[in-house]
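For reference, chains read A, B and C in written order, and residue numbers begin at 1 within each chain.
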Amino acid sequence: MAYYVEVRNLVKVFKSHASRSSTVRAVDGISFGVREGELITLLGPSGCGKTTTLRLVGGFEIPTEGDIFIDGVRVNDQPPNARPTSMVFQSYALFPHMTVFENIAYGLKNKRLPSDEIKTKVLETLEIVGLQELEKRYPGQLSGGQQQRVALARAIVMEPKVLLLDEPLSNLDAKLREQMRVELKKLQTRLRITSIYVTHDQLEAMTLSDRVVVMKDGKIVQIDSPERIYRFPTNKFVAGFIGKANFLKGKIGKVWEESCELVMTNGMKLEADLPKGHNFEVGEEVLIVVRPEGISFCESSQAHIVGHVISRIYTGGAASFEVETDQGVMTVEVTNPLALALPSIDENVGLSFSRTAVAVVKAE
Amino acid sequence: MYTFKQIKRIWNEPVLLAMIVLVVVLLIVFVIYPIAMVFFKSLQPTGEGFDLSVYKALFTKKYFRAPFFNSLKLGVSVASVGVLVGYIFAYAITRVNIPGKVFFRTAASFPIISPPFVIALAAILLFGRNGFITHQLLKGKLNVEIYGFWGLLVVETLAYFPTAFMTLEGILQSIDPALEEASLSLKASKWKTFWRVTFPLSMPGILASWLLVFSQSMADFGNPLILSGNYHVLSVAAYLEITGSYRIPYGSGLAILLLIPTLIAFFVQRYWLSRKSYITVTGKPSAMRILEPTKWVKAIFTLVSAFLVGIIFLFYGTVFYGSFTKLWGVDHSLTLDNYRYVFDIGSEYLKDTLFLATIATPFSGVLGMITAYLVARKEFPGRRVVEALSLLTFAVPGTVVGIGYLLAFNQRPLMLTGTALIIILVFVFRYLPVGVQNGVAALYQIDPAIEEASLDLGASSYRTFWKITMPLMMPAFFAALFYTFVKSMTAISAVIFVVSGKWQLITVAILGSVENSDLAQAAAFSYVLIGFVVIAMFLLRWITNLFSYQERIRRARA
Amino acid sequence: MKKLGFVVLVLALLASTAYAAQVLHMYTALDGNEWPIYVRAFEKATGIKVEVVRMSSGEVLARVEAEAKNPQASIWFGGPAVDQIAAKKKGLLEPYKSPNAWSMPLAFKDPDGYWTGFYFGAIGFASNTEQLKELGVEPPTSWYDLLKPEFKGRISLAYPYTSGTAYTVLASLVALMGEDEAFEYWKKLHKQIHHYNKSGSACVTQVGLGEVTVGIAFAHDVIKKGISKGYPVTLSFPKEGTGYEVGAMSIIKGGPEPELAKKFIDWMLTAEAQNLMKQWYRIPLNPDAEVAEGSVKMGDVKVVPMDFDYFGREKDRLIERWKNEIEYGS
């Protein structure tokens, strides 16, 4: 299936701020595609090149190399105002001298739509984002969440072929962020606008995206659905960046088409699922990824690994433990802690891993 | 490759390209060319051929060497005393929490917006040969010689310490009081905290304002012209060399001598010192919590500040009183004759000055904003050079500019001598840097994403400038207008070389009156000028209220 | 839009300066209150409009020189002949022999007509009578009286390089004593000087106000700006003989309105115009003109014969020497 938005071998080189002669490859030869109506997330730590990629698609940066296609048209040479994209900025970039209405109407005026049509569209969009009655306010008079919605409304009123969102929730406080995340999800389900969403927050990425593009140092590390990225990370970075993970050394004992048997350094064996088409081989040294929420306490005899508790933090809905083992300190998370008899500090415990909480990545 | 793509992009936006070309051409013709002419003439002692005999004379003849060293000595002294006074004042306001801060701050801004030589005029009225204090009060028992180094030191310090004060106030405000609190909690005394924490952190600001005041003193023309006595300084020497002895090569040479130290000071301050700064001024001073100092410290700082402001009031008050006296020093009975004279005989001067300043102001403002926009927001080859050029006239003393315009626009194809245009051009380009700086500062505070958002929403870069950028720059634009207007009204050092009979300026009339010992008349002229400045200030506030979006929002809120 | 406006303004300003019918552009070194007396009368008598720029005599010369390629004015009115001789030397003037220059003595006009005199003035001493009384001295009647200890720090005059008046003082001393002796004398005088001014007549007001006791200036300035204003000022002359100036006017070479300039010179030499000068206590050169009461005449003072041509030629050198030996001497 042809992609609606396609990026091919994109490279962006900046002059380094530190010294005049050196350069920084902010985006280093990436390629990916977005299907129509799909929301994909560019996820990565700060400085990984995700915002630069978004700005290249939006036309705010000129690519050093590579091509960008939208709906089959190469847009490399189009300035932002000619591209069929709309951007929601991290800082919202609301025009402080215009009212909410004027802000949202601005783009429509640039399209030279008749004013009654503009009015209808603006009011409709305000209703979509839940900001009726506020159209006469100035941005300075709005709360952070309201400003966020105006920024969103201003972009979607343009009915863009592609909606670009640059960390749109990062300026909100935690509670509001959660609320807006849910609303964005609903909105996306309803409107199905092809979107590229940039964030460094894995939770946002998991919640919102159809697919996630994990980036590091200007390169793409993995592209996949949220579930599969969590379940089958391709390397230690992805495993550690998305969700929490304990890493244990091990070896492949046996290997099948979609699973394998792992041998831990203490001789214990366990089975794990693998993605189709993996390239693990018997005897290969690997890292075993164990998600903390998939570990439970048990008798030493039934345990995959043993150790003693060195800390215990109770947070209401969950409790987290640090257990020292001969493989290093492991984190264990227990949900519904009140229902169980939990070990205390210095207690010797056994840990067993549920199969769905175990993944395998190449040793580095 | 990269630059090529940039050029290609600029080429695709003809309006932008035209703007860049326009600004570059204007800067070359009206900033670089005149200064180059001064340099050129100083190498042509006989009118043809080139040699260095002028400079040889400047360094061997005592009457040329003396002004150079006099200017340096005065500049160093004024800068040192001015920065000290400015620092004390700034410290009192930002760190000691003295009562009446707004009042003190306002009073300190008087010398900045008033005609440059009002303070010198006040000094003459008070301490001159017929001074109120020296002559009337002390009956000549105390022999104060106001004409010369000491008089200039006092007058220029009063005139230029506000510059240092404003710079240092900003710096002190940006030093987080938490740093001082940390020092105190680590058991350093307040005294030690000041010397080990506050003072070192304000050092870049101190050096910057020192250089700023140094340049201002070097470039000062109005005060030395009427107060230097036999203490010749470069700016006046260059002026006399050209208008008194009509030796243009030597006047040009002196102007170049004046230019060199001020240029060095400017570049050191701008390109070296600015990088040394420990703190980046965010424009958002954190809510100041300051430690309440002891009663004594507070009392001392309040007294010192009050004393300083007292002198400012004494000086301005004296000129005000003087403007109503019949004959200063002889007959102090009150009269309106001086104002009658100003509005009768002097009305031509008033009309011309107002007209010229009013024409120049919007051009300077708009050009400043355009330049600021190009420099701060657009990528094009030579951007840094354009920025440096647009700020250059800051560093160039008015005397040099005046001589430059006199020499440069005197022949085809730019035959402007004697026209109003040459005066207007002096105003426009002399005060352009403030517009550029205000504009750049405003732009740096406006999130570039706002303009990107506009482009993203389908507006062209031209439309984005007029619809988004310009409205947001309005406050900076009006501030630049105000500055240009005030400075044009009170200008003297550059325009004195290009005024003609057809176009006369109030400042020139004031200098004439002072030279003629018509002090009361000069005082009346000065206050009429101050009156115009105050009216302009209120007008500006009114217009700003009318057009600024911040005001509209404030009203919407109410 | 904005740019277009700018261009229009530039064109308008250029056009407005180019358009000037029947307007005479004049540089004058006469006092701001004096030139209107003659200029307004001339405008009334001829209907020609005059645009006047006032500058000190030295400034006029500098300006005319600077504008040599593009003269902005047609006539140079007033100021001592010395500066106009300098201008003649630099080729900045146009000769014109006015039919009204009668049988004027040669000292009062250029033999080739490059400049024409219209008044005569003598250097004198202005003294503050009240201060003289306090000090118990008589008004100075000799150059050497100025060296009296009572006058120490109580004398002012202008810099010879900024003021025609002060240069005339220097020239008269050279004419009277010989150059070296004159400089020796001024070295002693320098110690008596309170300060130097930039304009020649400023010292009269200063004497009137009591800022200094004695000023050295032209007699007509002393009367006009001192005595006639009611200041306690008295005028005296050195018995050894004093210097004088001839107030001159000339036509600037290549100026825009040479014909109007000639008309002005002719008119200024008529008795009708010369009569006006009594308002300023000047001594007219037209023998038919009236002399103001209390004014001095050529015969009232002893003058040293002065070779203006010589002093015009030697001005740069004399001033250079003055700066070296007097101002920056010792």
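Going forward, a residue touches a chain if its C-beta (ideal position, glycine included) is under 8 Å from a C-beta of that chain, and two chains touch if they have at least 3 such contacts.
Since the model is a prediction, treat every value here as computed from it, not as a measurement.
**Student:** Please categorise the chain-chain contact pattern as a line, ring, star, complete graph or other.
**Tutor:** Graph shape, chains as nodes and touching pairs as edges: a line.
**Student:** Taking contacts as defined above, which has more of them, A-B or B-C?
**Tutor:** The comparison resolves to B-C.
**Student:** Quick check: how many Å separate the C-alpha centres of chain A and chain C?
**Tutor:** 88
**Student:** Express in whole angstrom the distance between the two chain centres, defined as the mean CA positions of chain A and chain B.
**Tutor:** Once rounded, the distance between the two centres reads 53 Å.
**Student:** Distance-wise, how many Å sit between the C-alpha centres of chain B and chain C, to the nearest whole number?
**Tutor:** Those two chain centres are 36 Å apart.
**Student:** Spell out, as numbers or ranges, the residues of chain A touching 2 or more other chains.
**Tutor:** Within chain A, no residue contacts more than one other chain.
**Student:** Could you list, by residue number, the parts of chain A that touch chain B in their complex?
**Tutor:** 13, 58-60, 62, 64, 79-81, 83, 85-87, 89-99, 106-107, 110-111, 136-138, 140-141, 154-155, 158
**Student:** Which residues, counting only chain B, touch chain C once they are in their complex?
**Tutor:** Listed in rising order, the residues of chain B that touch chain C are 22, 61-63, 66, 128-130, 147, 229-230, 240, 242-248, 327, 329-330, 359, 363, 366, 406-407, 410-412, 415, 417-421, 424, 500-502, 512, 515-518.
**Student:** Going by the contact rule set out above, which residues of chain B touch chain A in the complex?
**Tutor:** Its residues touching chain A are 1-2, 5-6, 9, 12, 447, 449-450, 452-461, 463, 467-468, 471-472, 549-550, 552-553, 556-557.
**Student:** Can you name the residues of chain C that touch chain B in the complex?
**Tutor:** On the chain C side, the touching residues are 2-3, 6, 9-10, 13-14, 17, 25-27, 32, 51-56, 58-59, 61-63, 65-67, 69-70, 72, 159, 161-162, 194-199, 201-202, 205-206, 209-212, 316, 319, 323-324, 327-328.
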